[in-house]
Every structure is written in structure tokens, then in C-alpha cells.
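Okay, so here's the structure we're looking at.
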């Protein structure tokens, strides 16, 4: 929407003066939308809208993309790796956006997606792995899943894990989040035949190599039925868990 | 079954002299079964029997394990990474074992597992990736899945892939097998929202680093809904695909 | 130009007092020009002037080199990896310098180079890859090429790429810029037989290893006719594209 | 061509008994052509036929593909990384195939492609790099290029390189092949503004890391106008050089 | 012992003609003992004799060193990484040498070392890890320790491990041997406060990187009280376990 | 302790208004104790309390955990990798906490653990390795060990090390801390048969690779009786040394 | 010198009140000299004093060490990797210290070492490599060598290097400093038989891997007579060049 | 020498029929001398003849190069990494060639080079490092140096090294050869100020990474005056030692 368009919409009273002002003010970013090619048919085609990965984008670009999506009538917006500053910028053009500090996720979703039948369990090994686990959980919730979170159940205190076996069994899919040596994925994988998505985190130091150690260990897990996503990729795990959980059908079908 | 047991069974005419001879001859391996701790309750507990990973074992050890499993009444045996020589050794104690050269898999399964409702698609990028793709397909078939295989649909001739979109859509889960730069997983992931299990292969040379390049590329896929198993781990992918496909229910339930 | 030289030029009224002051003020850097060995015959010899890679130099050194080049009558100046601060320093001695924020390139070029006949296409996979793509485009433009830019055509939405096939076909050389798993290069390489220069970017995280994953993937591309430059090396790609495009001849020859 | 087809062709006297026998004998491979998806329109579409990368294929598969290509009337066949044993297998079904031991290339090309105007120079650093250099040269020759080869011009005896400056200048594109520290590419790149395609080889030992050192060094070359292909990828370099050389037009256009 | 010495001993009837012949025959190796600098005071100084690491030595060198040690009156000989062929060579000059095929260890020890009070437990994750575990066990036994071995107690079947908690508690030191992702060390470390020596093995493939994955994972173990030795270094682990177990005192002191 | 509890305790005069205020003020953190699963039985079970690894936790989380431990009556608190800021936060709820700047360790221990009989020696190679060495020493002291520290005894001045041989001999266990090439561990290992725990540090630059070089070198030590912990893991080394030293028995038993 | 000593010296009028104050003020550092074990006999023993590597030390520690060395009468002090802030701290206790900003070296040397006969050449490839080259040059000058510096003679403009052949020939030892692909070392090595010490620098980006590429390339140099030091280790190169140059004898012997 | 030349020399009776036959028989290799560009002026220019690195060459190529060098009157031939088979091939055309099995070096040198004044010491850590050490020693001897070899003086038995201090002091240059953790270089470097050339070897296993560990450790040595060559590069070390030792002058000058 260029300047002329805005003014014409004002003339036709489609927008108020305040809205026109705001649109003109954001004009610079919108015109730069040459920097992004948003796929507006994605949701219709696949049931999932395009997701905004904010990490490599400026605050202005994030705001421009959100505005553009709203103008095209998108009803679901998910932004990941979104700093508070970028969230604030985006809220200027979409005040309903909500923000979760720990997972760095922003969400706009007036009408939630229908819920999948199965439940997803997100288990994390230590307190420091929480942000990644929360990113997985929030992503899966946004896409329409019931998610249970279990925290700080690392292998060093393996008896704590055994106290949660019922939760493991009640889930359709399990997301196992762990840094350091990532043994949690193997241990959970050995306890269940449910599909396990392992998420290595960059938690650790030295020979942890920024998470490569957990990643490699998870890929070499001696437990079958485990697959792995990129280091700290909570979003990818949540999305994959949702893809899998879709096979259980929608809850509304039950009615 | 120790020497005394064998002799007693002969005395009771439970076995013939030839069978006794064979058992005694294999005695050495059996006594060495201290080298393996077979989990006979696994199938009852999880629905899937323990699988024999033959690569790190001697022919004698493989034979010993198969014999031991038969003696314990196991009705499903799957051996992976099994050279023909090891298969021949195992067939001495279990003549019904079947062997697939390309996937290096041996199978004993008089009564197949019930079939899952959903279908699994195994797609591979090039001719050289076939052994790994076949390992995934054979594993999934053994566990009770209908599997379709599509071969040589690499990215360099991407139009070939587009001619197969209907097959992709008809599957519940997709296994994408590729070496070199592993781009097949990203391309398939971009075409569907079904869960995609990416299997990097060691096909390639030089900066392929024995498959690490394909592995890393797949982990960094810009397509959501993809997770990854170890290099050349066709078995793991087939198993994971089965775990996921179980969520679609059993076909026999339909009747 | 040492102090004596400056004073003599003032005496001969070749320069004004203000210019003399400025020259004396910059004297420290100029005397340090022992830190750089500028190749003033390069342009005559090869048709391309020496390029200033600003990243490893202080603002003072950049300014000193620009001043020195101007004093030697260089008519084309290109500075890459140039922060705004270094640009500001250089502009003190060469006010005509222009600056492009996104690509971090500064240019002084009163008389452009003659245009090559062929056209160069620069395609980038995502918004975050734009700075590198722009560096390639600006470099090629500076050296005398028509450049078309296509943005955010990553593999996850491969249909977007297919909508641009005509642009791919109309170019002589293609620069493909992508981070994460770098699959864009393979996909474009599979669609055309034009030479493709792949530029991996450091966009991504975790197992992306600072761009090494995209680099390795591009080197292993199963598509022929692709070669690769260093991570984030937009300049190198633009330069190589120009070298190749020179083989199409100059447009002025057409007249 | 299945068994019935062969017999019908014999009945119609289209083939002799001997030919029928040979075809039946090769039947097993042909039926397995499910292992390869040959792109017969490639040559029409792009001017270059599909190339057989023999390294990951069995002798039987190579023979089957060659036979299949001949049966589809392909007039140009290029097989790379082809051991003598695989060549012998392929010659059974295509006796006109020629073989070059050093480059491990087999070629069938009754009617050569039209020649490009420009010339390609392939320079290699040491005797041990020759096989890779020859692979690049033979590939480019097959595709329709005049190729000059210069051998053993490494950096340790840099004066030898300087004696060849005229050859460098007379070429349109230069392929620089080197192992160890790969400095040849930088030195040639510093001497010319022609596009240089650098090919690292695995020649060396210890901290050479199987060619990774030469690869990394070439990617970091301080000389502009250089791009790099995979380790030992003579084929890729020859193909890229041809892609570039095509921009010089065809010689037959000169007449 | 040079030729003259041998002949003089024959003259004095200290040796038989056959012994002289054998000594002369082995002369070449003995004179080459310039290739090794044996530390004959080591046992007196430290309580442990010098150990022969046979991997990098020729059969002749191994035989020469054994002969030389016998001639110097050494009463304890331990050779590791000793192929059967090297053992056979050494037995020519020391017929009492015993050999263990699985651990590739040869031992000569007419008078065993006094036993340490504490017991050492060697646990291994899978059948393929057995050779390394056995090397640790045999080394510790040679040095004077009671050793218990537990095999195939990997994490995939973690309940098997829990059935052995009493054995873990009865040991002074635990050696945990595992390949693949090496999670066994973390799990055992989480179950006990006894010192755990983790031994990564090269068992696995692909992203296992020849054992580096298990090594890195063990170094990052979230369980305290664990330290690590080199990949496949059963000898080092056995030796370290002995060093630690020495702190429990000698059993003979109890009497 | 939730808000109601606090108020009830105030009502019962169990706490003062000031204490209630403080408790309420810290309430937010306490309620978040869902972020940590503290193992309060650990000390009873294993003799060692759970340790707080502060690096990946916020100041608020550290304070919350300390408060929670105090409320559960834990008598020993050890926090590692604890910045002064986190210590200050924790001291608000546990004023008796002591802090050691160099090792970044905080300790609360009104009743020390009983002392082990043996002595632990911590030797470090250079001044820059001191913080890691101190972390090892403080950890071991906390757990009940007499610890001697020797500083700056690197290999470059090996005679300095030889002046300390008596100290080496008087210890039960030795912790050797070194960065750069980590040779100190080999040299000490060659001088003694006591168990040596090697701690690589990240001290160094360039090809030191953040401590990986020292780590790898220590793992390859040609001296037997050495095992290794993660880079900069002073805590792990101190803990392991304590585990080993426990085998010498408690000093109070001597009385 | 502890507090008592200072006061006694004041009492005996050996020092003034001001000096006493200063000494007391610095007391804290001096007492901490437990953090460093200075080798005061080093200069006598080897002709070279102990060098202070300042990078891993606090400003207080650097000052303490300098003070301690002065108090022990050391006549030569060299501090490397010394930030201005640390230099300022050290100058408080040794005002004669001189500082070179570019090389980050501080020197106290009232009586220079005798000069070696031979000359050392330090050549660097680009402006950004200057700090490392200067560190090498300053170190060698401090130790008693005539040093010539040649700057910005990289391989991309190889003719510039050829203009300096006489300087290369007039030196006894050559230090070649280069980042990126480090080809300078090979080129110089190919031009001379003088010993060449190659210093890789961390100058570059992307696949330069923090200098590892230049390091590996230099180690694989096809030119004989080259050896390599750590990345950015100008000090080590200067020291090694001095060690070698000592073999030419001292100039004062000529008189 | 082509066929015509051979026949003319026969006609002139310069050669016998047998010699002519042999020359013709070797003709194939000689004509292939396009595979090598021998630098016949090297010895005159630099004092050192071109060296044949045999590893990457066929037996025929090695023979061809030797023959060619002899025909050009070269008086010094050194071939490294020369298998016995290649040596046998070369001896056919140069029967005076001598061969050293351990170092895989072949030498033809009727008139030795004049001796340098200084002495070179080659020290190796273990028996398995001997072949590399011998390659260094033989290379230096060939080039005109007195060389002393000391074997098996590793750090694990450091007292053995101390018994050799006089030998270290009597040398001008020291070559230190070691695998595993390579600590020998640091220890020797700490004992002397003579230039030390460190040669890492690939001796070891697991985390030794084919010698990279020793290489990295040596590059990070805390001892000054040490520089490093490639893994297993005994030749390079011997050559560098000779370059350095040349600075001591020639012995014949003493007369």
C-alpha cells in the first residue's frame, strides 16, 4: 500500500486520519517489503501459516512483515526468536500480539486452530534448557496441540525421570530437550516406543562445542525411534511434533 | 542350553543325533552368550522385538544370538547390517531366515505384525543411496507398514520430483534419503506438511566428509517439519517412521 | 605527500590554506602509508582498480588510502566491509564517495566502466541473506554490469522460485546467495546450465557452524555448473560474475 | 526392453540371435533400471546430456544405464570416476566407448558437440594432481571446448609459472588444480582477471586433512575472481569452465 | 647380549647349543634395541613394570623387547594391542607368555602382584564394546585387582542396568565402557558416588566420528565424579582404576 | 511456601513482619520453582548434597533455589560458576553464604563434612590457569578434603616442577590443571603412580581452539594413570578427586 | 618485601616516605605473588629473561610481576599482549617501561642485548597483518637483532614481492606473516633457501576459521625450509628467529 | 632423449645394444615426462637439488624422473616416501641408488655436499616414531650435516631425557619427533634456547586424530623457540634444520 493508496482510502473514509498517519509513518518499512516474499496461500495450502523467524531481521522489517500480513487478512501470526524490542516494534501495527519472554515467541491468534487428539510431552533436562523447551511447547500450542511440560529431569538424577513414566505413556509424541551430553533423549527413547524428537541445546561449555556434542550424541542414540533437530531449535521440534500429532486426528471430530 | 541339557533331550528323544551334534557344535557360541543380554520381554512390553545390529558382532555371535532367540520362542527376528557371511552362519540355526542383499537385512517372521493404516513413502535422491533407502523400507515393512519406494529423484532434476507429488500426498510419513548436499529433504519438506524424516548418506567424496555435510545441511533445513537420523541409518528412519505411523491405528481395526 | 610538499604546494597556490590544513591534519595517516602498498597500475594492467577491504583497517588507515588513491589520480574507488564510521572518515578526503548501508560498500566513480553485454542475476534465499546479496550486486554494478536482484526465493517455498524461471534464463551468470542448508544453489543449478556462483552466508545457528554447513553443502551440490566462494563473500561473487560476464563483450561494441 | 520385446525383435529379424542372447544376458540389469531415472530430455533442454557418475554404482548398474541410454538413442555418453572394470562391463553393450585411464573417464561421442570460441586452460601444481586435472580437461573437451593443459607448475618453483604467462592470457577461463596448500590458485588469480576455477585435490598428508586444507585455502584466496569446486572434482570444474566458455559463442558461428 | 657373550656362555655350558642358536638367530633384533629404551627400574620405583604397547612396533621389535626384559630379569611383562602374530614372535623367546584373543593382551607373570582390597567393576554397553572392556579388565587383573565384568547393559534397556545396582555398590571404582552416544557413563555416574572412569569406544558409524561423539558426550556428562580416557583406551582405564584402587590398601595387610 | 503460608506464619508469630515482607518479595522466584527439581534426598543417599551450577541460571533462579534449599533444611550449599551479582542475590535469602571471587564459588556450610585421610594436590601450569585450579581446590575442600595448591609450575620451566616432587608424593590424588598444550599432565603422570586427574583450560589462543588442544593432548598422554575432565571443569576434577580420596577413609576414624 | 621490611627500610632511611607509601600501596599485589613463580635465573642460564605474557593476567598481576622483577634486579623486561591499561598499571612501579601500541608490547631495557651478526626480515601480506608482524619484529629487536620490515606484499600482487628479492637474500632468517590463505609463506619459501618461519594470522572471515586455514595451508606448504608457529604468535616467531640468528654469532665479536 | 637420439648414440657407439634396449624400453616413461617439470637449475641457484616426493607418483614416473635427472647430469638425487617397489624401478636406470628401509628414502650421491659446522640432534619420543625421525636424520645427512639420533626419550620417563642434556647442548638445532600428545617438544623447548623444530607424528589412536592432536599441542607449546612442520614430515624438518644449520658455516672453511 503506497502513499497514494493510503490517501485514497482516507478520501473514501475507509480509514481514519489516525490510521492514515500510522500507515504513512510505517511507510518506509512497507515499501521495503521487497525484502520479503510472504506466502499468503500457505495456510490454505498446508493448514499452517508462514512463520516469521525474527533473528536475522531488523525491528523495522519485523514490523513491516506483521503489518503486511495483517493487511492481507492473515488470522494467525507466529514470530520466533523475537527480542522484546522487535516485539514492541511489531505491536505498533498489531496491538493484539502477545509475547512470551522465556521462549521469545510472539503470537497473534484471535481464533485458535482446532486441537489435535493426541497430547505432546515436552521434557527438559535442566533449568538452563527451559527457554528451548518452552519454544517447542509454545509452537505446538499455537498450532493446535495440548502440551504438557516436565522440567529438570536430567539423567544425573534418573530416579526423577522414573517418577514420570505415566506422563510419558500418556503422550502421542515426546520432545526431549537437553544440553551437555544430551543423554536424556536416549534414556526416554529406551523407556518408550512413542516417537521421540530430540532437541540438543547449547547449554554447557568447553568440549560441549556450542551444542554439537549433544547433537552428535543424540544422533548416535542407541535407542530406536528417535530423530533430531538442529541445536536450540525448539520451534522445529514443536512443529515436527505437531506434524506427527496431526495423524491422531482432530478432537472436534470426536463430537 | 548346556551340554547336559542337550544330552538329556537326546536321551528323551526330543532331538535327533544330528540335532544334538549341531547343538554341541554351536555350544561354544551359546556359552559365550555372556556377550549379549537379550531382552525377551521387549516385544511384550513395547510391541517391537529386540533387533540384532550385526555390524559389531562376529558371525559366531550373530548365530549364537539367533539360536538363543529361537530357543526362547521369539517369533520375530530382524538383523541389520548383516553381511552375507553372518547371515549364512545364522541360517545354520534358523533355516527360515530370509536375506535381502541390497539392504543387508535378514528377517525371520512367520507371522507378520498387523499393518498400520497409514502408508510410508521412502524417497531417495540417487542410485547410490538405494541401500540405505532399502534398509529403511525393509525395516518399516517388517514392523507392519505398507511402504512405497521412489528412487533417483534428486534435486538436480527437480521436475522429476514434481511428477510424484501425488505419492507424497498419499503418505502419512515420508523418509527422504540423500547424500552429497542432502537438498532433497528441504525440497520435500517445502512441498508437504507431513512429517519428514531425513536420512543423510555417506554418498559423495571430498568436502562431503563421509556424510557429515548432508547431515548438517538436513539439520539446517529451512523447511519446517523435518527431523534427522544418523548418517546411513536407514534402520533408524524406518523405525521412527513406524513409530509415527502407529498413530494412524491398525488396519485390522477397520474391519 | 610530506609536510614540505604540502607547504610548497601552498606556496605555489596549488592548494588553499584550508586544504593545506586538512592535509597536514591527515599527515599522520599519510606518513603511515607504509602500512599499505597500493597498486596504481592495476587498473591499467587488468581493467579493474585495486579494491579497499576495510574490515581489518582502522578508520584512519581507510582515509589515508583513499586520500592516497585520489592524489594518484585514481578514478574508481570501491571500499567493501566499510562501516559507516570508516566511510565518514574517508569522506573527509573524498566528499564524492557514496555509501550503501545494507551492503556496507562505498563507491567513488565519476565515470562508470563500460557495460558488459550480458546481464547478471543475484538471487537470495531469505531476508537475512540480503546484505551479502546486495554486496555482490553492488560490486558487479560498480565494475560495469547490469544486475537484477531477486529476494527471498528460498527452497521452503519452491514454487516462488519457479515463477522466476524467465529471469534465470535471461541472465548470463547467476549468483545464488543462501544460508542455513544452502539448497538454493542446487535447485537453481538444476534448472539452468548457466554458470552459477554460489555464496554461502553465515545466516543460521547451531549446526550451521557459522556458515560452514551452507558452504559444504554448496560444494557438494549434485547440480553441475556450480562453483563456490567464501562464506558471506558477496564481493568475491560479484567480482567473479563480472569476470565471467566480460566474455559476453561490451555493450558499446554493439553500437 | 523386457524378454518379450527381445524375442519379438528377434522374430521380426530386427536383431540377430547373438544380439538377442546378449540382451537377455543383460536382462537382469535392465530390469533393475528401477535403480535409475535417466533424464532423456536433458540434452534437448540444456544442450548437455546426463552424465553417469560411476563411483557409487555397481558394474552391472553402469552397464545397464549405458545400454538403456543407447536404446533411447542418446548420442553422447560421458561416464566419470569409472574404473576399468566398470568400463569393460559397459563396453559389452556399447563397444564404441573409449576410455582414458588417467582421468577414469569413458566417452561415447560419434558426433562431437560444436566447439566454443574461447579456449580453456587447465593448470596443475604437481605430478600427483594430474588425474584430477585430466578429468577436468577431458570433460571440457567432451562438451565442446579446446583445452590446453599445463603440468607441474607449482608455487615452489614460481618462475616456471611465469614462463607460461602468455598461455594464461590466451585462455578465456582457467582451471587451477592443486593439492597441499593450494597456493597455485591464488598466484594465478593474482596474475590475471580471467575467471579462475580452483580445484583442490586430496594430494598431501597429515594436516592436509584429505584435501580440506587446499579447499579452505582456495576459498580464502586473497585474489579476486576465483571460485572453488569440491575436492578432486575435476568433472565439476570442467563443466563449469564449459558453462562459462559458452558465453564466448560457438566457433561455427564464425564461418 | 652380543655374539661374543652368547658364545662364552655356551663355552661355560650356561646355555645349550639350541639356546645359543636361538639367541644368535634373534641377534638382529636385540642389537636393534637401540629402538627402545626400556626402563628397568620402573617397577622398583613405582611398583608397576614398563608396559609394551605393541601397536606401533614390528613383530621383531616386540620379540626383541620381551627377550631383553627377560634377560634383565623382569618378572612381570604386559603387552597390549598385541596381534596374534606379534604374540607368536614374542613367545619364541618367552614360552610362558599367555595370550587373550579378545583383549589382544599378552601376559607373563609367574608371581602375581599382591591384591588390592577394593574391587573394580567393568561395565560395558554392548557386545561390540567387549574387546575394550576386556582390555581394561585384564590390565587391572594383571596389576593386582579383583575385577567383575558386566556386559551389554546399555541405556536402551535401562532396566537391565538397574538390576545390577548391588554390583555397582560393592565396587570401589567403576569403569564404564560405551560407544555410540556413550550415555552409560552418565547413567552410572548418576547412580553412584564411586569414582567412574569412562571409556568411549569407536563402536558406531556416521556421526559417531570414530568415537569422538562418545568421548565428547562423556566429557560433558552431567553426572559428577566421572573422568574420561582416550577412545578405546581400555588399558588406560584399567591402569587408572588400579591407581585408584591402590588407595584401599593391600588384602595381604588384612591377615 | 506460598503467600498464604507466609501470612499464616506471620499470624502465628513464627516470623516477623520484615521477614514476611522479604518472603513475599521473593515470592515470584519461589513460585517459579517449577524451573528446578531439587533432589533433597541426595545428601542422605550419597553423602553429597546437590550442587547449584549457576552459569545457565538467572540471579532470581539462583536465589530461589538457595531459599528453597534453606527452607528444606539443607545444611550444605555449594554454588559454582557464580558471578558476584548472583551471589549477592542469593545472600539476600541466606546471609551466611561466603564467596570466593577467583573461583566464582559460593559456599554455605555451618558444619563441615568430615575430613578424608588422604591429601589432594592441585597443581596448575600458569597464572592464567589459577581460577580453574582454585575451583577444583575449593570444591574438594567443601566436600571434606585437605588440599594443597601449587601454582605456575609449567613445563617450560620444568626444574620448578622437580623441586616439588615431595609434595607430589605426599598426596593421594593429584589434579593437574593446564592450558595451551597441556603437557603438565603428562609430566606429572610420568613422575608418579598416583591417580592424576587432568583438567584442560581454555587458556591460550589460535590453534588452542578454546581448550580443545589441551583436552586432546591430555587424552593422548603417554603417561598411564591419567584421566581427563571437561575444559575448565575445576568443579568436576575436585569432585572426582574427592570420590577417589574417600577410599582412604575418614580421619575421624583414626581417633 | 612485606610490610615489616618496608618499614624497616624506611627506618634505616633506605627509602623515603613516598617510596614507602608506594610500596605499601602495591603490597596487595606483591603478596599475591603466589600467583606467579618467576624464574630469575633464566637469563643467566639461557641468555634470555622470562617474558611476561600479559593476556591471561589482571592489571594488578602484571604490575606485581614487574615490580617483583625490578626488586630482584632484572635488567630486561618484555611484556607481550599487553593492553594499554595493563601497561599503565605496570608503569606505576617501573616508569621507564616503553610501550608500542600496534604490537601491544612493553619493554624495559636500559642496556640492550648484544646484536647478532645476521639480519632478520619480517614480511607481511596485508595491512591487517601488521600488528602480528610488528610483534615479531619488536620481540626480535628486544633480544638483540637487526630487523627489517616489509609490509603489504601479498600474493595477489605478486610482482610487488619480486621487487624485494634483494632484501630477502640479505637476511639470515625470514618471518612471513599472512592471514586468509597464507600463500605468502609458500611463495617466499619457493624463492629462497633461507629458513622461513611462517606466522598465520586470524585475518579473514568465514571459511578462514579464525586463522586455522592459513595455519593448515602453511603446514602443507609445498616449499621446503618452512616451519610454522601458532596463529597470531608474532612473539614466538620473533623468538624463534632470534634463536636461529644466534647461530650467526655476535657482531661485537667482529671488532 | 627420444628414440632417434638413442639410435644415433648407438650408431656412434656411445652406447651398447643392451643400453639402447634398456633406454627404448624406458621410453614410455621418458616421453611421459610431460608429467613432471624438473628444475635443473635449482641446485646451482640454491645449493639444494630438487627432491623427488615419490608418494603420489607411480613406479614408472619415479623411474622416469630419476633417469631424466641422470641424463641431465644431476649429481645428487634424493627420493622420499619411496616404497621398495618404486626404489627397485628407479634402480633399473640408476644402479648406484641406495635405499634406507625405515625412512623410505633413496639416495644417489657420489660426491657428498660439504659439511656444515654445527651438529643437528634428532630426538624421538617412542619406538613407533622412529621412521619419521630417521627421515629427518637421513635428509639432513644427505644435505651435508652431522646428525645425532636419540630414540625413545618420551615424557613418561622424563628422567631418561635428563640424562641426555649434554647432547642437547652440543647441537645447533634440535628436531623433536613425537606422536600422541607431543609433549616432548615442550619439554626439550623448556630445557634449551636452541631452535627446536617439532615434528608431530600420526602415532596414536582415537582422539589423536591422525596426528592432529600432537600437531596442535606443539603449536601451543608454552616453550618459546619452537616451530612446527606437518604431521610425519620428517623430510621438512630435516630440510629446515639444514637451512638453519647453514648459518653456522661450512667445516671446510675451518681448514
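Quick notes on this one:
The first chain written gets the first letter, and so on, giving A, B, C, D, E, F, G and H; residue counts start at 1 in each chain.
Here is the rule we use: a residue touches a chain if its C-beta (ideal position, glycine included) is under 8 Å from a C-beta of that chain, and two chains touch if they have at least 3 such contacts.
Not measured: the values here are computed from a predicted model.
Under the contact definition, chain C and chain F share the contacting chains A, G. When every chain is reduced to the mean of its CA atoms, the largest separation from chain A belongs to H. Using CA-based centroids throughout, the chain positioned farthest away from chain F is D.
The pair A-C is the one among C-D, F-H or A-C whose contacts match those of B-E for more than half of the residue pairs.
Note: centroid distance chain C to chain H, computed from Cα atoms, is 46 Å. A straight line joining the Cα centres of chain A and chain H is 61 Å long.
Multi-chain contact residues, meaning those touching two or more other chains, occur in chain B at positions 126, 157, 206-208, 212, 215, 219-220, 224, 230. Chains touching one another, given as pairs, are A-B, A-C, A-E, A-F, B-C, B-D, B-E, C-D, C-G, D-G, D-H, E-F, E-H, F-G, F-H, G-H. Of all the residues in chain H, the ones that touch chain F in their complex are 125-126, 154-158, 180-183, 186-187, 189-191, 204, 206-209, 212-214, 216-224. Interface of chain H with chain E (complex): residues 126-128, 130, 151-153, 157, 160, 203, 205-208.
Remark: chain H residues 46-48, 51, 118, 172-173, 192-195, 197, 215, 219-220, 224-230, 235-237, 239-240, 242-248 touch chain G in the complex. Those residues of chain G whose C-beta lies close enough to touch chain F in the complex are 34-37, 39, 42, 55-57, 61, 200, 202, 210-212, 215, 230-233.
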